[in-house]
Amino acid sequence: MMPTIKVKDLRKSYPKRIPLPFRRVEWVEALKGISFKVRKGELFGLLGPNGAGKTTTIKILTTLLEPSGGSAKVLGYDVVSQAREVRRRINLVAEGERTLYWRLSAYENLRYFSNIYYVPKDEAEKRIRELLQLVGLWERRNDLVMGFSRGMKQRLAIAKALINDPEVLFLDEPTLGLDVQSALFVREFVERLVKEKRKTVLLTTHHMAEAERLCDRIAIIDHGRIIALNTPENLKRLVSEGETVEIRVRNLRPEKVKEVDGRLAVSEEDPTRGTLLRGNLDEEDLPRVVEGLIRAGAKVLSVERVEPTLEDVFIKLTGRALRD
Amino acid sequence: MAVTEELGALIGVARKSWKVFLSYKLWFVSDLLMGFFFAGNALLIGIGLTGKRHSESLAQLTGYSDYLLFAVLGFMVLGFGLTFLSGFVWSVVDELYAGTLEYSFASPMRRITFFLGNVLVRLALNGLFLLIYVPLFVVLFDLRIEVVPFLKGLAVLLLGTPGMVGLGLAAAGIVLYLRDPGPFISILEMLVFALSGAMYPISILPKPLQWLAKALPYAPTTETLRKVVISGFSGAVSGIAYLAVISLAYAFFGYLTYKWSEKQARKIGLKSY
Amino acid sequence: MAFLAVMEKEFRMFFRYPLRVVSSVLVGLVFLVQFVYFGQAVLGGRYSSILQASTGVGDYPTYALIGYVLWWVSVSPMEASVWGIRRELQRGTLESNVASPMGLLEMVVSLALSWMLMDSVIMAVVFLTGVIAFGVSLSWFALLKALPIVGLAFLAFLGSGLIFAGLVMIFKNIGPFAQIFEFLVLFISGVFFPLSTLPAWVVSLSKLIPLTHSANAVRKLFVGFPYSSVTGEVAWLLLLTPLYWLASYALFKWAERTARVMGYGGY
């Protein structure tokens, strides 16, 4: 069967300045040749820190950016040469809060997008109603988006992304900046879309638990390259030999961590609770590492053995934690 | 099918910009008063300087002795031309600021639909303003104009439109790149303002500026329109021919420039604020 | 000093972008050129005996140039009140200014003064360009003589413009209203045409506008009249200035109290 999304050796460079004739500009490589396939009905995640190339990938797949090399096909259509065919069949939720018309009501926003996605009028009326009910905004349909909370705006953005009943949905950091409840709503909603409606979804996130819980398969992306691609379970197997520990310390400069042990990374810094280190260590190494930390001037507050997560995979592969 | 789809999208964009426009009610009043302000100033400058309602020297220079009619026709072209220029440019900039441009560009709708849809409301408003201004000026300011010559003038305006649309598209293409587009847009608008010949015959400008004015579609539209209003189509054949050529040339140039710049924008990414 | 800090910030923000300065000068010039060229085309020259008889200044470019430059500066504190404060409201930086020991009043006055000085720089360029482009005869002595009047006028402009500072804090979105008001001022204070063309009641109304008197006085001094010829205008300015300052202050205090009850936010 033909894959729904097929990305082959995709490359993208940005100029540092606007390239004008006779002007030498430096180019920065954002994507250094990535390849992956997404099957129909799959929930596929791109996981990586900020600046890894996730948004660039989404923008290329949604036809907003042209790649500098390689190819990308969505539903068999080339994203460069058959952009309009692609656009008809997909939709996206872009990153950030300002993506809708704040001066229009929820209803007016959806009607606008139904028009520019060529949804027939009768169909549109029905669908707008269904979608607004589905995301719980039907009662607020005539209110201006300006007065919506961040979570409501995101729910409306998702309704917008379903206005043309797309076969493939692209979500760029869909839960970033949301409160816990709204984030939960979004996750469950996306899960249902895939399970019940058989939609194909590609989402980016730098939130490990989210990727782990939602995605059928995950590509871990760093510095424009895919460094691992598998199901969450298989990815976690990469760190299952040895043990994952969390060490909370105080008075330790982050740059000292690597000197103590290369397998440790800073996963959280908190002025009151101290610094949280994480790493995949062998049992016999643990005392030596703690000793090393103390010698480096740190005050060790706690040492805890924890279940490995995708973060540990990332630490193991890159030596860094997935913080933003 | 494709045509009705595109029309539906056009109406959708127009309705959206209408709703957004309505949310700034007072601008409507301010826009409407602007016409009165310019015409009122023109009238009172004329009376204040000459003490009369007509001017021999302007008649000698342009064939118009009614200086108010001269100015009103000029403003009409200017308002129309600026609608395309500012309208296209601001529809890009406003949506860039609002963060909605990518959603509009990621939809299957054609780009020209997006641009025209966004200025449709302004065009309709321009028409509405004309319907308000002209009768009121006739009554209040003793503006003398006849219907048939005026309609002939509108035909000239229509002829100049493709050129003005083209220039608007080219400007919109450039704006896609700019981090701080405000000054660029106002410099452009002022250039058009100064070189459109709205309030004075361009023959009183310094030579280089005259050439520049002739090379843009606005002044040829203004001057040909004024000529047609007083002497009919037959009296302005060469002006009409020149306008037709330049209008088509700009339409073509604008289309190509915009296409090229959008392709570039997809290479380097749209600016976000 | 807090005022200097605000001024430095505003000047830096404005003059950092040369293109923005160029565009401001250009906007200023083009607008002026429209009316001056129109007047000359209608007049068939530059001298109008009717204008001379009603205002004492017969050379149209001189008449228009002075009125226009002063108008631009006169609405500057108003623009600062409307757009400057609105910008701070939108950025959320107004509250941090309110919370600073400087206080809102000083910050608003500083902002208005800064904008007026920035616009003065721009208008100085426009003025000199106008003098050259329209061939206006310029006497440095007359210019120097007009300076005290210009100073007095600035005080009056500042006082009247600050009325809008109070208004914007309460009504927030008054941009279009302010624009209408600015052009109304341009119209009824006789910037481009003599006041004698307007109906009598409009002329009496225009007496309430500081620009009317300052433009008249500066024009007269500029073409060589002595100070004694402008006593009427100066008296008006001396009367209006404290009145506007008082009105602005009262309105501002009221708005500040209201804002403290209702909150500064709303964006």
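Observations
Order of writing sets the chain letters: A, B and C. Residues in each chain are counted from 1.
Keep this in mind: a residue touches a chain if its C-beta (ideal position, glycine included) is under 8 Å from a C-beta of that chain, and two chains touch if they have at least 3 such contacts.
Just so it is clear, the model here is predicted, and its values are computed rather than measured.
Chains touching both chain B and chain C: none. When you average the Cα atoms of each chain and compare centres, the chain farthest from chain C turns out to be A.
When every chain is represented by the mean of its C-alpha atoms, the one lying closest to the mean of all protein C-alpha atoms is B.
Centres computed as Cα averages put chain B at a distance of 29 Å from chain C.
Chain A and chain C have Cα centroids separated by 52 Å. Spacing of chain A relative to chain B, judged by their CA centroids, is 45 angstrom. Partner chain A is touched in their complex by these residues of chain B: 5, 8-9, 11-13, 15-16, 19-20, 23, 98-100, 102-109, 113-114, 177, 263-264, 266-270. The part of chain C that touches chain B in the complex is made up of residues 17, 19-20, 22-24, 26-27, 29-31, 33-35, 37-45, 48, 50-51, 54, 60, 173, 175-177, 179-180, 183, 186-187, 192-194, 196-198. In the complex of the two chains, the chain B residues touching chain C come out as 24, 26-27, 29-30, 33-34, 37, 40-42, 44-51, 55-58, 60-62, 67, 71, 180, 182-184, 186-187, 190-191, 193-194, 198-201, 204.
Here chain A touches chain B in the complex through residues 14-15, 18-19, 59, 62-66, 68, 84, 87-88, 91-92, 94, 96-104, 108, 111-118, 121, 144, 160, going by the rule given at the top.
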